[in-house]
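The same subunit A turns up in both complexes below, where it pairs with subunit B and then with subunit C.
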Partner chain A sequence: MDILDYIWLGIQAVFMGPEAFSFLGVSVSVTIMMVLAGFLFGIVVGATPGLAGPFAMAISLPILISIFGYTPDALLPVMGFLIGIMKGATIGGAVPAILFNTPGTPDAFMTTLDGYPMAQKGQAKKALRIAHFSSASGDTFSDIVLFVCAPFLAIIVEAYLDLPEKTGLLILSLSFIAAVIGGSAGKGLISIGLGLLAVYVGTGEDFYPRMSMGAEGLSRGFPITTAVLGVLIVGAVFKELEEIWRSTGSAKPVHAPAETGDQKLHWADIKNLFPTIFRSAAIGTSIGALPGVGSTLAATLGYTVGRARHQKSKSDDAPDFGDGAPEGVAATEAANSAVSGANLIPVLSLGIPGNAAAVFLILAAESIGGFNPGPAVFRFSPDVVNPELVIAFGIFTCMTIANVINWTIGGVFMRSMGFMINIPKTLLLPAVLLLTLTAIYVQETRLEAIWFALGFGVLGYIMRVLTISPLPFVIAFILGRSLEQTARQAYSATGNDPFFLFNSPIALIFILMSVAVIIFSGRKSKGAAA
Partner chain B sequence: MPEKSRSNLYVGLFCVAVALVLIFIWIPLDTKTGIVERARGKFVIGDALAPTVAAGFVLLGGLLLLVFERNAEDQPALGPSKIKFVASVVAVIGVGFAIMRFAGPAAVEVANLFREDPLEYRLLRATPVWKHIGYVMGGTIMVSGIIAIVERKMSRRAVLTGIAAVVVLIAVFDLPFDDLLLPPNGDV
Partner chain C sequence: MKKLFVAAAAAVSIAVSAVSVQAQDWTPPGPIKLMIAFAAGGGADTQARLIAAELENRLGWEFIPEQVTGKGGVNLLLEMKDEANDGTVIGMVVMESLGYNLYTADVGLSPEDFTPITTTASAQMGIIAGAGTGWGSFDEMIQAGKAGEDIRFGVMSQRLGELAYLLGKAQGVDFNIISVQGGRAVLNGVTAGDMDVGFMAGIQGPGVAAGDLTILASAMSKPLNQDPNAPLLKDLGVDFDGDAIFMFAGPDGMPDEARNAIAAAISEVTSDPSTEVGALIERAFGGSMNLQGADLDEVVMRNFNDSPVLIEAASQ
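Take a look at the complex of A and B:
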């Protein structure tokens, strides 16, 4: 089996998997339909202010698992749907940002700066077309980088990193995430520490479940769904509801500005926008490949760099960034969309989730079983088929299908979603809360899980109020067990050497980098505070 | 002029205190093996090491807040109004799930008053209508209650939204799947 055989098997797994229906004698697989459904659902969710991709992924996962079960055949349809949501939500977020000056997703905030002024000038549809074209370009560019880089990175990791180095790499990843998410190293470390503490309750190698205080409920530990959905989704709903409550806002219906003039995206426009799109796509892809650095930062960087270039090269009559420059919309959308593919590089090659969407992909893989994201996935075994590698290439195929859908019908569907702004969040969010808690119960079938999720929800709310990002908590919760297991194995494998992290040069470099990133970030925070 | 929030100082102090309690009291008392254990003549990593490292992260984070970020600008505040709001939402959810838990069995008890052969809820938890009583009542109260808190008034629209949400969720989770249990039917 060589690499081409594996790629072909991955494509076959998608196209020749279980049949959804047959059209003119051609079989259409369930996985393709799930990618399509996920993508369209993602656009709807992205276009609804107050909801975002992770919400949709969280509430879809238990339903998908109920439909497809816990068999290896379930992996590609479920992953395909979630990937569809991830991609759809990013372009959906631009719709209310351009039409109503309200970002549908946090990473679309920068899109409002030029998208809404363009809409006010009567160019709403043109701005939406630019947003879609830039988004689809950035996304496709990022996916190509993922397809090329993830296998190579995984092979390098497997070839050069042994257990002590892998332990060091996990510590470096957690430190990096603590330092970069939320802009405060102290708060990031607190979030990481709490996530690790939560995952260590009720686990361990001894017969007595540690830190359970002898309580039956804690002795089994916190189920991953209660921690992830509680902190990420329930906490976010509490925060959104509180903001609406403070504004005593029952929102009034809003209408998009009237359109005037030519709304088409011409070849000349594309030629003008291309350098901006390419630059932002490269920025978004580089940012996305780093665990923990999200699409919002990518959008901000893409916009800032784009503005600097625009000021130097624009003609006198062209609008500045912030006044309705098409380049502003393109810079933001290409950058934030380029994050989604690149974010899967650390997931697939290292097993380290970099953002909330990746967290749900790992959650799906863990729930269904048969696929453990990490360097072992890309083991090209020549004699025996590595089923995880087939799934990995199946996931790449799903991403390519989502891109094709995006380029063909994505723009039309996206432009028809303007009405989602008028769905009242006051009614939607409590229903989403019941849906999330029901989904947790359906998976865990015990009321204890609901109380855990509520507890984590309150924690997630408090963290948000205190500007402590909940994402490091979730990533630490997911990586905690693997960190402990790898450290135990490394300790045994080095003949019980307590300094195993310092005796290997690579592991030592990782540890020194972990310390350096925290110190650097801490000093930066002090500088900002002074 | 509103008082400047010093939340970083309080969060830092709280985290340092919690981490010290964890490292010196909770983890040693509530973990059967220490940081390193001697087993069959060899030293192995004990169950206390990982949570101690985790508490170390919290301690370090708290210290960074105290040393570097104590005087940061625009520190957020967790005021009493926010705590009251989230407490009231959690209370409504708690009441909703309590009703969800007991409404079905209570309905069976009421029905038994009029029957000669008594019914048992546990045997009816997969039977339509009986199995939905708790979820419909508790879910509707939860959704409409939260809407009422946010809108500061109870309205017909809130109740209708609650009913609609519950009906949609029954259609999504219950009707297509025989093996899924809506709350509270896994616990009764």
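Take a look at the complex of A and C:
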């Protein structure tokens, strides 16, 4: 079994998996249909202001699991659907941003800056085409980097990092996430701390439940779906409902601006845009590979760098960034789309999620079982098949299929999604809430789960009111258990050495970096405020 | 434990002959909630779900599988104890859950608060080293330990931790015992080199066959199928064994009719290698072990009562 055999097995797992239907004698696998369905669904969701990829992934996951069950066969169809959503939502977000000056997803905000002026000038279709082309390019670039880097990184981690170093790496990731998400290291640490506190209820190695305060409902701890969906989705719905309640009057239906002139994307346009797209794709990919730094920052950076270059190199009659420059749309969309693939590098090689989409992929793997994202996945065992590695290459295959769908029909489908803006939030939000709670109950089948989810929803709401990002909470909740287990194991493995984090140079470096990241980001934000 | 296997063999023959009659005498009054104490997707979970699927096919019973993991099966027992005892709620655990784990959890319960239904199989529990250690036998590991090498020993339950400790004490080596969650974590740890050796409950099969793993000893009361010459724990100075026996149980006071019918039905599908689950059990465990009735009650109770003896021995 060498690497090519594994790649081939991964491709086969996708194409030869359980059959959905056969068309002219050719059998089409469920996984491919699920990638397609997820991708189209993702575009619809992305094009709907108020909904974003994580919403859709959160709601779909329990429903998919109840359809596909907990068998190893379920992994690829479910992951394929989620990957489809992840990719579809990113390009879908550009639609209302360009047509109506309303970003469909948060990372499409920068797209409004040039996309909407282009639409006002009658070039809506062209702007959408540029957005799609840049997005698909950035995405593909990022995926290729993922395919190449994740296995190598995992092998390096396995070869050089022992248990104390792995503990140090987890601590470093958490402190990095606290420092970079949400703009304030202090608030990030609060979010991380709350997440760890919640995950440690009822868990642990002893036979008596920890921190359950004698309550039987708490003795099994909070199910991961209730915490993640509660804080991320229910909390967001509560906050949005509050905003609707505050704002008076309902939104009027809006119409897309009229189109004038040539709407096609010509080879000359592509050649002009190419440097911008490539630069942004590289920025998005590097940002995406860092855990916790999301696509919004990537879009901002891509746009800023693109603007600086544009001002130097543009011809005099070309529009500036902000006045409807095609390069502006390309810079943003290539950058925010390049995040999604690269974000899976820490997920697959270390088991550390970097953004909400990655959180749901890990959640899927954990719920279904049989695939544990982390360095052990990339063990190229020569004699026995490593099923997790086959799944990993199956996931890569799904991503490639999603890219092919994106390049072929993605653009057409995306351009037809303009009408989604007219769905009123007063209908959308209650529906999302109901679906989320149903989805949680489907998976947990006990009523306490609903109470937990609502409780975490209130927590998520309060965090949003206090502008504390809920994402560090969720990532801490997911990493909390492996942090505790790795630390305990490192302690035992070193013969009960309480200073195991400081006795190995690599672990010590990780710990010093964790402290430095917090101090550095604290100083920077003080400086920015002054 | 030898008794146990004799009893098991006897029980199998009785159970199989009686099954068709009993299964028809009793039908569950509703869908059966099947609680599973093992992580989704693992070998034990697959076994439970395949049993349920096969019984749905054969008898038309309906099952609702549900994961209730954590605390070595004690979470499941706590949740199951107040459920309906008419045969509509059963749980799959290991015998250790009703024994050492229930005893240590100190929740005021004993096996008498449950109805043991049937065992399905005994895991091929061995002490397995990674090929990277270079140890070809148990003695070579002990020599390495005595020469001052740190030995990291992975265990997936507290009881196995006690056994590893006793083994080290008997052999004059101080193992660094690393406790992890689930058998796969031991396999991953040993393969990645984070641990040198560990208990594995059958998951070692393909790795041993491929030469990535080495069997050092059997942790069962009998030899391992894959290497019958490997020493047993009792040859190595430990009076306890690491038998991991999968079993089904229900809440206290389940009527005999329901208990026997479920036991017979499960025995029938697990002992038949032509079923998917029977084939799995044949492959992973070398055949089913269906102990039930009063014999099962006795073994489970003895397991529970032995726990303080083990703890006492390990604390000396």
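The definition used in the following text is that the second predicted complex is superposed on the first by the 528 of 530 C-alpha atoms of A that agree within 3 Å, B and C clash if a C-alpha of one lies under 4 Å from a C-alpha of the other, contacts with A are read in each partner's own complex, and residues count from 1 in each chain.
In this section, a contact is a pair of C-beta atoms (placed from the backbone, for glycine too) under 8 Å apart; a residue touches a chain by one contact, two chains touch by 3 or more.
These figures come from a predicted structure and were not determined experimentally.
Colleague: In the superposed arrangement, which partner chain does A:G369 touch: subunit B (first), subunit C (second), both, or neither?
Modeller: second
Colleague: Using the touch definition from the top, say if A:L435 reaches subunit B (first), subunit C (second), both or neither.
Modeller: A:L435 sits against subunit B, while subunit C stays out of touch.
Colleague: Is A:K187 contacted by the first partner subunit B, the second partner subunit C, both or neither?
Modeller: first
Colleague: With both complexes superposed on chain A, which partner does A:A258 reach: first (subunit B), second (subunit C), both or neither?
Modeller: In the superposition, A:A258 touches no partner, neither subunit B nor subunit C.
Colleague: Looking at A:S492, would you say it contacts subunit B, subunit C, both, or neither? Reply first, second, both or neither.
Modeller: both
Colleague: For A:E242, using the defined touch cut-off, is the partner it touches subunit B, subunit C, both, or neither? Pick first, second, both or neither.
Modeller: first
Colleague: Determine, under the contact definition given at the top, whether A:E205 touches first (subunit B), second (subunit C), both, or neither.
Modeller: Once the two structures are laid over each other on A, A:E205 reaches both partners.
Colleague: Subunit B or subunit C: which reaches more residues on subunit A?
Modeller: Touching more residues of subunit A than the other partner does is B.
Colleague: Tell me which partner A:L4 touches in the superposition: subunit B (first), subunit C (second), both or neither.
Modeller: Neither subunit B nor subunit C is touched by A:L4.
Colleague: Taking the superposition on A as described, I'd like to know which of subunit B and subunit C A:Y70 touches: first, second, both or neither.
Modeller: A:Y70 sits against subunit C, while subunit B stays out of touch.
Colleague: Which residues of subunit A are in contact with subunit B in one complex and with subunit C in the other?
Modeller: Touching subunit B in the first complex and subunit C in the second, residues 205, 207-208, 445, 488, 492, 496 of subunit A appear in both lists.
Colleague: Which of the residues in subunit A come into contact with subunit B in the complex?
Modeller: 63, 66-67, 174, 178, 184-194, 196-197, 200, 204-208, 210-213, 238, 241-242, 244-245, 248, 250, 426-427, 429-431, 433-435, 437-439, 441-442, 444-447, 450, 454, 457-458, 461-462, 465-468, 476, 480, 483-484, 487-488, 491-492, 496, 498, 518, 522-523, 525-526, 528-530
Colleague: Taking the touch rule as given, give the residues of subunit B at its contact with subunit A in the complex, in rising order.
Modeller: Contacts found on subunit B: 7-8, 11-12, 15, 19, 22, 26-27, 30-33, 36, 42-51, 53-65, 67-73, 76, 78, 82, 85-86, 89-90, 93-94, 97, 101, 139, 142-144, 146-147, 149-152, 157-158, 161-162, 164-166, 168-169, 172-173, 176-177, 179-184, 186-187.
Colleague: List the residues on subunit A that touch subunit C in their complex, please.
Modeller: It is residues 70-72, 158, 162-163, 202-203, 205, 207-209, 216, 219-221, 367-372, 375-376, 379, 381-384, 445, 485, 488-489, 492-496 of subunit A that touch subunit C.
Colleague: Can you list the residues on subunit C that touch subunit A in the complex?
Modeller: Listed in rising order, the residues are 39-42, 45-46, 49, 64-66, 68, 70-72, 74-75, 78-79, 101, 104-107, 150, 152, 158, 174, 176-181, 184, 188-189, 191-195, 206-207, 209-212.
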